[in-house]
Structures are given as structure tokens and as C-alpha cells.
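First chain A sits with chain B, and in the next complex the same chain sits with chain C.
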Partner chain A sequence: MKKQPLLEVRDLKTRFSTETGLVTAVDGVCFQIYSGETVGLVGESGCGKSVTSLSILRLFGKHSGTRLEGKILFEERDLLTVPLDEIQTIRGNKISMIFQDPMTSLNPVYTVGDQIAESIVLHQKLDRKQALAKAVTMLELVGIPSPESRIHDYPHQLSGGMRQRVMIAMGLACQPKLLIADEPTTALDVTIQAQILELMQKLQCELNMGIILITHDLGVVAEVCDRVLVMYLGQIVEECPVEVLFDNPLHPYTCGLIRSIPSMATNRREELHVIAGMVPSLYHVPAGCHFAPRCPYADAQCGNPPELVTIDAEHKVRCWHPGARASGERRLA
Partner chain B sequence: MATQAAPLVEVEQLVKYFPVSKNYFDLRVVKAVNRISLSIREGETYGLVGESGCGKSTTGRLILRLIEPTAGEVRFQGKNVLKLANEELRKVRQDMQIVFQDPFSALNPRIRVGSAIKETMDIFEIGPPNDRKARTYDILDKVGLQKDHYDRYPHEFSGGQRQRVVLARALAVGPKFVVCDEPVSALDVSTQSQIINLLEKLQRDLKLTYLFIAHNLSVVRHISDRIGVMYLGHLMEEAATDNLFARPLHPYTQALLSAIPHPNPRHKRKRVVLSGDVPSPLNPPTGCVFHTRCPIAVGACRDTVPVLHQVAPGHNVACHKVHEWNI
Partner chain C sequence: MVKYIFKRICYLLPVLAVVAIVDFVIIHLTPGDPAAVMLGSDATDADLAKLREQLGLNLPIYVQFGRWLWGVLHGNLGWSIFMDMPVSTAIWQHLGPTVSLTILAEVIAIAVAIPLGVAAAANRGTWLDQLFMTLALLGISIPSFWIGLNFILLFAVKLGWFPAAGYQPLSSGLVNHLKYLIMPAVSLGIMQGALIARMTRSSLLEVLNENYIRTAEAKGLKYWVIIFKHALRNAFIPILTVIGLTFAVLIGGAVVTETVFNIPGIGKLVVTAVLRRDYAVIQGAILMTATAYVLINLVIDLLYALIDPRVRLSK
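Let's turn to the complex of A and B:
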């Protein structure tokens, strides 16, 4: 994969100033996304997955006291330095976003047709009639039956799965180059989730989009992602192709996550693996390796912050003892 | 586990219709639970799965009589719970408790968790009043919390810890039967595994019987001995966990199981993707409620409701086509 990345994030730092002081939610994140690939961003709540994605489009209020550092390169421009009104021409147009909760992300007082047409009118300079016609084709594309009448429906008239489809139709209306999907199926039932994932993969093939898929469901990751970034407390702790993640995870946090999910393959009634302790608060980030206090292999060396090192071509890990489990040295904390 | 034990809870032809009338002449009802029969044996975990709105939570609440059923019978240790008068019902409730999905709204933010747990013992007058605080410490310890958590407020706890508090409160009165209504859905993966392990440990130690309601099939498979699959208020299939996963017979169960994402990128499966959405329970399809989305539906499915019948020992299915289709 020696081609030009679609999006390149370099050393991104997102800080929020709060009453109790400055909080670093994203701490030096670097990654690239290429056209046509799906990259999974995984981790527990509060690890900075969503903030990373919001930072890419600078979706923070003007007065929120958010400080962004680093570089986000998209089409040879740094999204962190372009003026806000220019960002507006990229948002929803070249990079668009699907949010987790379709119940709160759609405006209840506009019809879904109007909401899809809005971005089409804005970015493609079509009049309202043409835009609505386009909205109908979009709804058809995402598999909503009788779209001509559905565009006049309000969000409350649709089921959860249909609303999520409307969100996807909105996200794809301008045929973006990059789609950021923040937990697009978490609020849905498994059968509907299967439909939505299938749909996203189909559309990706047709439009050659890059997709950033934010999720905490490793099953979904295994199913649709090509590469995976594992985050913990604002940092990327492991980056690798999806097969490698499940075959040969090197970071103890990744290993713990994978082993703690009950899966169809594990023995029933066997006790599930548990990662000791809890995710620390961002106000008290441990010095050195952030994961050390919960890590069964931590030693004196882990008091120093580890770098994200390249193990082989596509596998990077931030750990002093990568693959500690493989070498069998198990010291329980 | 306890396959031959006597049934602790028996449910027969349970029905619940919720009226949605906007005026006097509007007689529409939501058919939330439709003629459900099941029995839960002592010491086992019965898993109830299905998509949102299929009536699994309503069933759990009907069994505890937290809502009044429209028709049917619920027997707990042979007693018909639905016929009990107030005082008797209160006594039975001591043996039947519930753990709710959302540990954030299940606890009163103004009551210290210790008092919340002790309150249940005060209500049921368990042991001498002076001992109750010590008992609360005991229970806190059992669910993996510390003594000094007694005086804290719910907001001081994380989601997983709150779920432990909710569990402690349910167990304080020494129940035999606990309805777990999506107890881990609101939690992160790593916390989820802690709570599942805890539920299993408590079951062993206190000889509990669980009705485990969830939509996450991997979790249900892990914890349940037997599983019932619900769709639109009907029980579609019921079998021992291993049988159900090895040989699902109802086309809905097959679709449901095939939709579970496997945490293994090399596992390329053939997915049965169902078309369309779950129909509205306000106006459910005639005949078999699944026929509108069923890949193998025939004419008979539109007209007659299939009855749940045994097709193999312990394996019950409600489908007209099951004999020609899969055996």
C-alpha cells in the first residue's frame, strides 16, 4: 500500500479546559486512512475514540475551550488550519459523519427528505426539487421501501433501523471520500445491524470510500474492518491488520479485551477473563505507560512512557513488553 | 446443570395487551405478550432473547407481577402468583427479585447505597434490626464491594459498581429467583465480563435461579442453560443452549444466530439477512407473526398460528414448516 493516504493524522492532541484544569482527551494520535479501506477504532468508553473523530472535522463549539494541536492532512491541506467557513465546504461533502444515536441526531421538526436534501442543496448547488429527487434515490440506495412517500415522514414515524438508514443516506448524499461512522450499529438489534453493515460494505465498494468505524464491538470489527487502531486513554496502543489483531495481539490491553468477550468459540460456563481495575479518570492519567496499573506484566521499566514502535511492516504497538503472554511470563498483579 | 430439577416458576398462556386508546371508542391494543408458556427449573438460568420490542422485558415483569397480565397463569413453587392477595404477594416477592438494565436510573441518587440495600431488609423484616447493617456489609462483600462503600451515593460509583449495588439490593432479602433484565447491556466489554462472572459465582454460592433477559446472544449463550427465543410477543423456539446453537430449527432463530458478528475475521459465514423491519405489535401479521419476513413461508403460515410443539426432547418450535424443513 504505497499510495497516497486519503487522510493523515499527525500527532493530534485534543485538550479541553475544564473547571478542574486542562484535560488531554487525545494524546498524540497518528494514523493514515486510504481510499477503499475500513479502519476500526476500538477501545472502552472514555478512551478518546469519539473525540478523535470529532477533531477531524473540528466539531467543537467555538467557545468550548477546546485546544487542537498537530496536523490533519486531507487533500494536501491541514484541516486544523483552514478557516472554519472552508471546513463547512468539507463537512458533509468530502468527509461526512454518521452518529451513534439516530434518535437524537435527526431533527424532529423537519421531514427526513428535507434533512437529506439540505446538504445536497448546500454542497452541490442543486435546487430544492432536484435535491429532493436525489434524496429519494439515496433512500432507495439504503433500502428504504417506497422512498417517494417516506421522504415526507418525520423521524418519529420511522423505526430505529430506518432512522439509522436515513442517517447513512444523509452521510452519503454527497458521495464523500471519507465516512466517519461513530458506533453506527450500537443502538440497533443484531438482525438490523447485519443489514446496515452489509449496506455500508456494498456502498463502500461502489464509491471507493475510506471508512473510519468507531466501535467497541470486536465482533463488528472482525467482520468489516481491514485495519484496527486500539486506543486506551487517548493514545493508540496497537495498530495492525484485523487478522493480526485476533491471531497475534501484542499489547496486554488488546489481549485482555479480546479474551474478555464471551464468544461462540469459547467454552460455556468457563469463567470470563477480566482486566483488573478500572479505566482511570483523565484527571489522573498514570505516568509512564498508561496501562501499567492494570497490566499483569508491568515492571519498573513501565514507569517510563513507551513509544509506539513498529514490530513489522503493518504492526505497531506501544508497550515495553509486547507479546508478554506469548513468552509465558505471567505475573499477576 | 440441574436438568431434572422441579420447576420453580411455571408460566402458562400468559397474555398482556396494553391499550393505546386515544378516546373511548378506540379499542386498539398492543399485543406485547401472546400466550407464552414456559417453565424454569430450580437452579437453572433460563435465557430469554429477541429483538427490541419483542416482549421479553414485559414477560419478566409479568412473572413478578410488576404489571398485571391480561390473562394466563404464573406459578411460583406451585402457588399462582396472579391470584395472591396483597400480603401474600409481598411474602412471595421476597423470593423473587429483579435487576434492571440501567444501573444509573435504578438507584435513587439521594439515598446512600448502604441505606438502599438495608431498606429492603427493613421492609421484609429480615433478622433483628440491629444486625441489618452487618448483613449489608456481608452482601457488599459478596458482590465485590468494600465496607466503606456503605455511606456513598450512587454518583460516586462507576457503571459496573452500580450494577453490583443493584445486585446487592436484589440479593439482600435472600431471593430464590432473580429476573435479570439486560443486566450487562449498559456496560463496557471489560466490566461486562466482571458482572457475568459475578452473576455465575452468586448463582453457585446462593443456589439462585435466573431468568436472564438480553439481546446479546453471545452473553446469553455463555450464561444460560436453556434459551427461549421471542418474536413479536410469541415464543418461537425453546431448547437447551448447546442444542439451540448447534441446531436452530426456527427460521427466525437461524437468522438471529447468523447475524451475530463473530470476533474472528476468518470466520466467513453465510448470513441470513432478513429483509425489512419487525412489524408493529399494534397490528401484528395474521397467522405466524414471522411470515412477513420468513424466507420459507407458505400459504398456511398466513392463516393459522403455529403452536409451540416438541420436535426433539427438550426442543420446542412454533413453525408449520419445521418437519419438512430441517429434521
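Let's turn to the complex of A and C:
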């Protein structure tokens, strides 16, 4: 029997109306997340990874003029069409989110205990005292020393790593089935980064959560992800298990990303690989393959939009010439 | 917190010292002989000499300052020649109406402005927002005396709901007291309220863009909980600043409004004192107003600390 996905995103399109017109930030994204797995969503800044994750919980504020199309199926409901009060019972409860900037994502005028307890009171209908007791447990779980006194601290009294732990504690307070972590470690230094990732993995095992990890750091992806979705200009260009991503990347963009990682093995004098050109603005998305203008293997065929095609069971790619580098053909100067 | 309060109070002392010195010097900055200025051109030499002695103008300046300061610290602000009573008594008599008017105007302003500003921010860009902000702009632009005169015309002369002018103290009964005060308070409150509403809107809009608002939304909180619990408290410091400033301005006497409605407040006292060159009263009123200003600021500072825990720690 086929395993039922925890969350299924079908042909998601997210558009913003701006002064200069409608901008498509996410353009037909499809993917599934299963319980207990970690899926990495990678890509450069502005490729639509954060917008994709915000779309899942419709976190765009009341008057942002955002238009969402497609389907996001969670527990047999379409999150894009359920009424607002219903999605409010899912947010922070069954699906939680951790944001990238722990320094500004906590409210400065309430204690961290209050902020963690808030969602427990809201979703689990405990009274404040019980919720605070649970907040202490959560802080202990994320490895904050002397949590009984820390719950009375304000965010400015904590370091960045501590605050991110608080964010995680807040996100996990109601034992969500899905955790969306938007660059949870980007603002932290490397040692803290490793601790936080380890912590997330440990908690994932205990709670059997699905995790969507949004990052631009392929090192983090290699460390913790089971599967990877590579995004470019609002589209998924490659989807595969993490080992395949590093061993046999097929999309020229993915290859470029992997080659741009500095490694100890490369000669220091050798310049790092860069992907030629710039990410085009969302106002000027290329008509065919979005990556074609920067792609060394682009030809006339790339003027037509490629589909996301299945190469084998777990590997999909959106390219007319998948694996072009491997076969070494048509290398343009 | 105790340390913070103590520190704030210590900061007051130099400010009050400067206020005292400037206030004292005013009388000596008038060109010529203060006694002659006070008594006018047809005063006799004997009168002048008597007044000089009475005011201590023949003593060295530091002795004068010392005597004046000693008096002030004991509640003795001097003697009003024209009113023939101690200045402190004169101020005390006029303070009641002004304080009543100020509090009522401010309460009306806050009660209307904050819900209006919040509603405008929460519905940013909609017709509601535009309507409220146009009203606020009108409120700021229209002088309060003009509103006052129209109120008198409509509610007192045409409809006869309220007395056209005058003042009844609180001791004459709350209803009676408010009947006289409501029109001047509303006409003053409109302007203050318009300022507060605009500040509420802009401050709240800024806060609504903060990341922690998105965090609150991601927790599944209702929109109004986010606005009132998470956003408004963070937005409140600039709002409180405006409230403090408008309050302090009103305490100094709403000169024009008090004149229009014939309310015997500090504003009227000062105007009369200036016209008669009653220096002792002017000096006393300035000292009172400046001290009230400083004290209101202290209260606002303490409220900041109550609202925002980061203020308590800042050096």
C-alpha cells in the first residue's frame, strides 16, 4: 500500500500584486512530505522558498494582496480554501513554523515563558499555570539551563542561540505533525548551528514529525535532510534523495550550486566556481526554461518551458538536457 | 525598577534648578527698573522705593535669588499686587478649572483616538482608514477656538443643551461640573485626539511589519489578539509620548479656549497677569507650568518602563 503523505502541495502558485503589476513568486510547485522525514528546500535568495513555506500556513497578513492558487492538502483538507478560523487552529498546533531571525522573531515586551505558554493555552486549553509548567518542560527539552528561572526572562536577556531554542520550543510546544523551519540556523554561529540541527533531529525522532527545512546552505542539507527540493525562480527544478543530489545532480543549476561549495580539497589559489549571471528579477522571468540565460548548455530548445520529468522513482528534474555536464556536451564559453 | 525610578527622579533635580534660575532671572531681564515697569509711569518716587524694598531689588542678586528660592521651597511664590493675595493662592484658585479641563479633554481624546487609530491601522488602505485619517487631519487643522465658537452657537444658543460659557467647580456636583466643561473639553480634545490617532496608526503600522507579529500569527492567534496584545503594547511608547506632550501643553493653560468659554483657569490668569505686568504671578505660573511639565515627563518615563522591559535596563 502506498504511504499517505502528511502534506501534499499541488501546483501552488503564489502571486503578489505590486504597484508595477502582478508578480509570481511561486510558480506551480508540487511536492509531498511524509511523517518522520526531513525535506530540504534549497535555492538562492529570492527563489521562492520562504514564500512557499509561508503559503502553506497563509501567513501573509490581512491586506498584503497575495493570491494563492493550487491545493495544499493536509489531513484531507485544502489549507488554501479552509476558512481563516480553521487555519488558525492548525497554525502553531499541527503545523508550526520557526523563522530565520531569532533576534526579531520574539516579542520584546513579553517573557519567553509567556510566549511559549501562549500557544499551549490556545491550542491545548490548559490554564496559564499548567501552560507555564509545560513551557518549562519545553525549555528543558531544547537544552536551556535552569528553565524555571529562564521562563521569566525577556528575549533581550537571552543570546541568539538561546532565542532560537526558545523559538523551537515554541514551535514544538503543541507537538506538531509538521515543522517548517525557515533557515533556523542562518543567524547563528557554527557550533550553535550544529547543536540546533541535532536538537531538531532528536525531537523529530521522538515526535515522528515531518520537517521542511528551508536553507541555502548545502552543508546543512547534507547533514540532516532525507530528500531535497531545489528551487529556482519560483519553480522546483530538481527533486531527489540527498545522496543523489551530491552524487548525481542532473540540473545544471544544481550542479552549479554544488560546485560553488568551497571545500578543503580545492586549491586555495583556485577561484571558487560561480554561476554566471544574476538571478533575474521576478518582473522579467525568462519565457522558456527560467535558468536558460545563465545556463552554459542552453540551446534553442530551452526557449520552451521544460516540465518536471521523472528520471527514476525518486528523482525528478526540470531540464531539456539533464546531466549535460556528465556527458560533457555543448559546453559554451 | 526601584533603581530606575530613583535615577529618573535624580535627573529631575538639575532640570528643576535650571527652571528656577531662568524663572528668577526673567524679572531682571526687563529693561530698566522692574519696579517702574510694574507700577507704570505715574508712580511716585516713594512708591517706587517702597516696591523696590518690598521686592528686595536693592539687595545683591544672589541674596535676592536665595531669598526667592527659600520662599519657593516653602510654597511662597510672592505677592500679587493687583490681586492683593499670595501668588500661590491665585494659582491654586485657577488650577482647579485647568486641571479638570485638561483631564476631561485628554480622556475624551484618548478614548476616541486610540480605537480610531487602531481601526485605521488594522484596516490599512481601506475606505475606513482613509475616512479616519481625513477626520484626524481635519481635527489637527481646525483651530479649537473655532470649534468652540461653533459648539456654543449650536449646542448652547440654538439647542440650549449646555451653558454657553462659565465654570462650576466639582463641589457644585459632578453633572453640573461636566455640563460646563464638556464643550470646551471636546473642542480641545479633538485636536489632541487627532494627534494621538495619527500617532497610534503610524506606530501600529510600523509594529505590524515586525517579525514577531508574524510569529504571533504563526501561533494561530486571532487577528485582534495579535493587534491588541502583541502589537499595541509595542506601539505604545510613541503614543504615550504624544499623550504626555498634549497633557503638558494643556496643563499650562489652554489660553484661547479658556477665554472663549470664560473659564477661570491658568490660561486666563496668565493672560490677565501679562496684560497688567503682574510679574510675581507670571513668574509663579511659569514655575508651576514648567514643574508640571517635568513631572508629567517623569510619569511618562515611568510608564515607558512599565510597558517595555528593555527601558528598565537601558543606561
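We adopt the following convention: the second predicted complex is superposed on the first by the 328 of 333 C-alpha atoms of A that agree within 3 Å, B and C clash if a C-alpha of one lies under 4 Å from a C-alpha of the other, contacts with A are read in each partner's own complex, and residues count from 1 in each chain.
The working rule: a residue touches a chain if its C-beta (ideal position, glycine included) is under 8 Å from a C-beta of that chain, and two chains touch if they have at least 3 such contacts.
What you are looking at is a predicted structure, and each value in this text was computed from that prediction instead of being measured.
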Clash or fit (per the criteria above) of chain B with chain C on chain A: fit
First, second, both or neither for A:11, with chain B first and chain C second: neither
Touching partner for A:106 - first (chain B), second (chain C), both, neither: second
First, second, both or neither for A:299, with chain B first and chain C second: neither
Which superposed partner A:271 touches (first chain B, second chain C, both, neither): first
Contacts of A:59 with chain B and chain C, given as first, second, both or neither: second
Partner chain in contact with A:122 - chain B first, chain C second, else both or neither: second
Touching partner for A:257 - first (chain B), second (chain C), both, neither: first
First, second, both or neither for A:97, with chain B first and chain C second: second
First, second, both or neither for A:314, with chain B first and chain C second: neither
Shortest CA-CA distance between chain B and chain C [superposed frame, angstrom]: 6
Chain A residues within the chain B interface of the complex: 44-45, 145, 159-162, 189-195, 197-198, 216-223, 242-243, 245-246, 256-258, 260-266, 268-269, 271-275, 278-279
Chain A-touching residues of chain B, taken from the complex the two chains share: 51-52, 158, 160, 188-194, 196-197, 200, 215, 217-219, 221-222, 241-242, 245, 255-256, 258-267, 271, 273-274, 276-278
Chain A-touching residues of chain C, taken from the complex the two chains share: 122-126, 208, 210-212, 214-223, 230, 233-234, 307-310, 313
Interface residues, chain A side, partner chain C - complex: 57, 59, 61-63, 85, 87-93, 96-97, 99, 101, 104-110, 118-119, 122-123, 154, 156, 167, 170
